[in-house]
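Please read through the structure below; I'll follow up with questions.
Just so it is clear, A, B, C and D label the chains in written order, and each chain counts residues from 1 on its own.
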Amino acid sequence: MSEFSNYLEAKLDELVTANRILGKENVCDAFGHVSIRHPGRNDRYFLSRSRAPERIEVDDLMEFALDGDPIDQKGRTPYAERFIHGAIYARRPDVQSVVHNHSMNVIPFGVTQTPIKPLLHMCASMGCDVPVWDSRDKFGDTDLLVRSMEMGYDLADALGDKRAVLMRGHGCTVVAKSLRLAIFASVYLEMNAEIQLKSHSLSGDNITFLSAGEIEQIIGSQTSFIIERAWERWARRAERSYDPEPNQVDFD
Amino acid sequence: MSEFSNYLEAKLDELVTANRILGKENVCDAFGHVSIRHPGRNDRYFLSRSRAPERIEVDDLMEFALDGDPIDQKGRTPYAERFIHGAIYARRPDVQSVVHNHSMNVIPFGVTQTPIKPLLHMCASMGCDVPVWDSRDKFGDTDLLVRSMEMGYDLADALGDKRAVLMRGHGCTVVAKSLRLAIFASVYLEMNAEIQLKSHSLSGDNITFLSAGEIEQIIGSQTSFIIERAWERWARRAERSYDPEPNQVDFD
Amino acid sequence: MSEFSNYLEAKLDELVTANRILGKENVCDAFGHVSIRHPGRNDRYFLSRSRAPERIEVDDLMEFALDGDPIDQKGRTPYAERFIHGAIYARRPDVQSVVHNHSMNVIPFGVTQTPIKPLLHMCASMGCDVPVWDSRDKFGDTDLLVRSMEMGYDLADALGDKRAVLMRGHGCTVVAKSLRLAIFASVYLEMNAEIQLKSHSLSGDNITFLSAGEIEQIIGSQTSFIIERAWERWARRAERSYDPEPNQVDFD
Amino acid sequence: MSEFSNYLEAKLDELVTANRILGKENVCDAFGHVSIRHPGRNDRYFLSRSRAPERIEVDDLMEFALDGDPIDQKGRTPYAERFIHGAIYARRPDVQSVVHNHSMNVIPFGVTQTPIKPLLHMCASMGCDVPVWDSRDKFGDTDLLVRSMEMGYDLADALGDKRAVLMRGHGCTVVAKSLRLAIFASVYLEMNAEIQLKSHSLSGDNITFLSAGEIEQIIGSQTSFIIERAWERWARRAERSYDPEPNQVDFD
């Protein structure tokens, strides 16, 4: 097996672990999903077949073209909302991983006028501003699911160059330059939401949030070492082995 | 064994799993219950003897006439509130399963003037409006339990053609065209309640709920495949095997 | 062994289970305790040595005179607050079991002016009114612990003929005619507190509580069968065997 | 092996248990740390290498000079924020253990104007006043981490002679004369925060807190026996053996 095959295998194993973590850490219940861009082809991504993240095995992982067509379907049913992933990979060359979830404490910030903003250093990975996308604005009454590339592009436009976007009445989507960072940012977005709800109950909007300068400093100094520290714990809690992030190798 | 006997056996096994799920997912504690209409006779239903849902075995399941009389009691004590089930099956031919529970976050919406309304797409299965039934209106000071067909019918009248009804100071009752959908709607009714409480803490009643059109679209597009995805996860969390929903067969 | 010895042994085993349940169901953490009156002597009670409820074994159980003196200490350290139990057994001949705990959601109702009142039928076992005792009123600045019969009697006076009393900045004490009912009432007092906090967040004090007549009806119709249904579940969750409540026998 | 070596070994084993407890009791997630002063040298302390507390083994424990230099690094990466520990040991000769954590319910009191104050007797170990330190006051926009002795001393100045200090947008630091008391105070600081948030939701700032006299009495009467009762439970929940606190021996 080539070096790249080994690398790809390690990345898919990592993607299974990521799914299990999302289930264990209450970011996803039966719904929500996480993808990685194909490490050898910018026009492909990997995402599970439609299944609860905590049940996913490596054989559930499917390869997709950016438009959402499966490369080798083998009878598996894909997620209806895979277009979230493809549209963002198309618009954001810097993004290597996308998480879509309905984590409970984030939802209130999508259905009220209170913006979610980072107030804890661990949560700066969400960035300064988290826009809110409302499917109703452009598409009217739908089942709220991102069922086409057209809707995916509209969501990607709302995301812009940010790290996360809330989806009204639906959930959120978090993007990152690596899978482990996307998981990290998703867990801590949920934690920030819970703490912001509690802080709001003490003093309304009169909360000291992180400053833009602090957010920049935190993101700048958050090394992969810090992400690994969390990943080790999460992987073990999800009853997966802990493996350091695979070293990237080139496809040739 | 006839094809129908096999089907019935699979349905009763499914009902055991449904009970365990209600316990595991914090919809029921020691109290609350779930029934299915007899798949071969519209005038009968199956419901456990009086026991905590998470302890129920197949031998606990009893068959009842719609008036609440057990068919073959074998010394087992039925739930005092089985009349909820019989009265709803009598009034609602479309209903194949009924869940009654006291899940914690739903209770506040029965004892205040704030109506519960769906704000998350996963929770549209509760329908647009959830009426509140107060046993005191017609029956005065009681122990709040639905101890007769008369009370059952009064509750069924309050339910009308809806998917759920709150019971003041008591809990709620959720109905559906299938067992798995009744469990699904019960879990997500509780989740909507929790998220609505949190949203209310941010901005009072100034919340963007799902529109009627969105609710209709979501219910229309929620295939059994989606319900299966949740059921697989819940069954495994409750330490039950996962079996796809049995294919209906006719009784002859 | 006499019939009474067997009965007493079963009661002490039940008291171990009660302790484990308090730990498992988050009524007690390392602190809080539960006693039973000696089933053969009104002037004695059984209570564990000073240990976290979820760790207690049968050899930890000690016999006390009502004034708190241990009958056969065997080097074991008693709870500093055993006087809560003795004083209540002295003042309340109807009481056979006492639980003292610091369960989290009950505390706010002891340190604010909002009275806790039953709003869910399962929680009527707390009674119509739950008085609040403040050690500071009579004893000034102390460590808040009930360290003497004098303090115990003052607490018992505040309790009066009620089923529970809150203790400001400290916790609560729940009494009942049986051990299983005392555990039941303690678990559901905590649940009522949590639901009342949530209901209050929706509409302040504008909550529909149970009426006095409803509370009376619920208490009147709550058979031991209902308590057993909860006890079976709790015992198994606490990894204890489930045994029906022992039939009382006379001491001779 | 000398008596002191045995003692030191027991203390390091206790430090591993302390780490596991912080993880199990939700005081720390992947982040936060706990140290002890070297029991034989006031100018040294022990702290794990940079790892999630619930994963820590005895070989992860490193010895540091007060300025944060590792004595025998063996390739291990230290926590970036070890300066919190060294600066406090330098300024506070009475302190034998330091916990730094981000426990969830404490954070709101660092980002709003509502001071955290003890309202439950179990929580008096936090002391009358808990100051809030804001890194921005002196150091401007940083990543909020205490990355130098200068920042550590500034935090230690804010702590003064108190038992805990909140850190705006970051967490808190708790100090004590023993490891077990530092863990105890950290767990109950988090519990006080949760109860204070709930009490505040009932009646704003109109809460009866413990009086200064009560706090003094509670701290004065809180024997090591009480701490042991909690420690036994926590150690077993964290799947560690329970060992009584080692008797101090002198280094010679």
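In this text, a contact is a pair of C-beta atoms (placed from the backbone, for glycine too) under 8 Å apart; a residue touches a chain by one contact, two chains touch by 3 or more.
Keep in mind that this is a model prediction, so the values were computed, not measured.
Two copies of one sequence, chain C and chain D, touch each other mainly through non-matching residues, since under half of the numbers at the interface are common to both.
Least-squares overlay of CA atoms from chain A onto chain D yields a rotation of 90° to the nearest 5. Centre-to-centre separation between chain A and chain B, using Cα means, comes to 33 Å. The distance from the centre of chain B to the centre of chain D, with each centre set as the mean of the Cα atoms, comes to 47 Å. Those residues of chain C in touch with two or more other chains are numbered 201. Pairs of chains meeting the touch criterion are A-B, A-D, B-C, C-D. Residues 119-122, 191, 194-195, 198-199, 201-203, 206-211, 213-214, 216-218, 220-222, 225, 229-230, 232-234, 236 of chain B are the ones touching chain A in the complex.
The residues of chain C lying in touch with chain D in their complex are 23, 29-31, 50-52, 54-55, 77, 102, 104-105, 107-109, 111-114, 134, 136, 140-145, 168-171, 197, 200-201.
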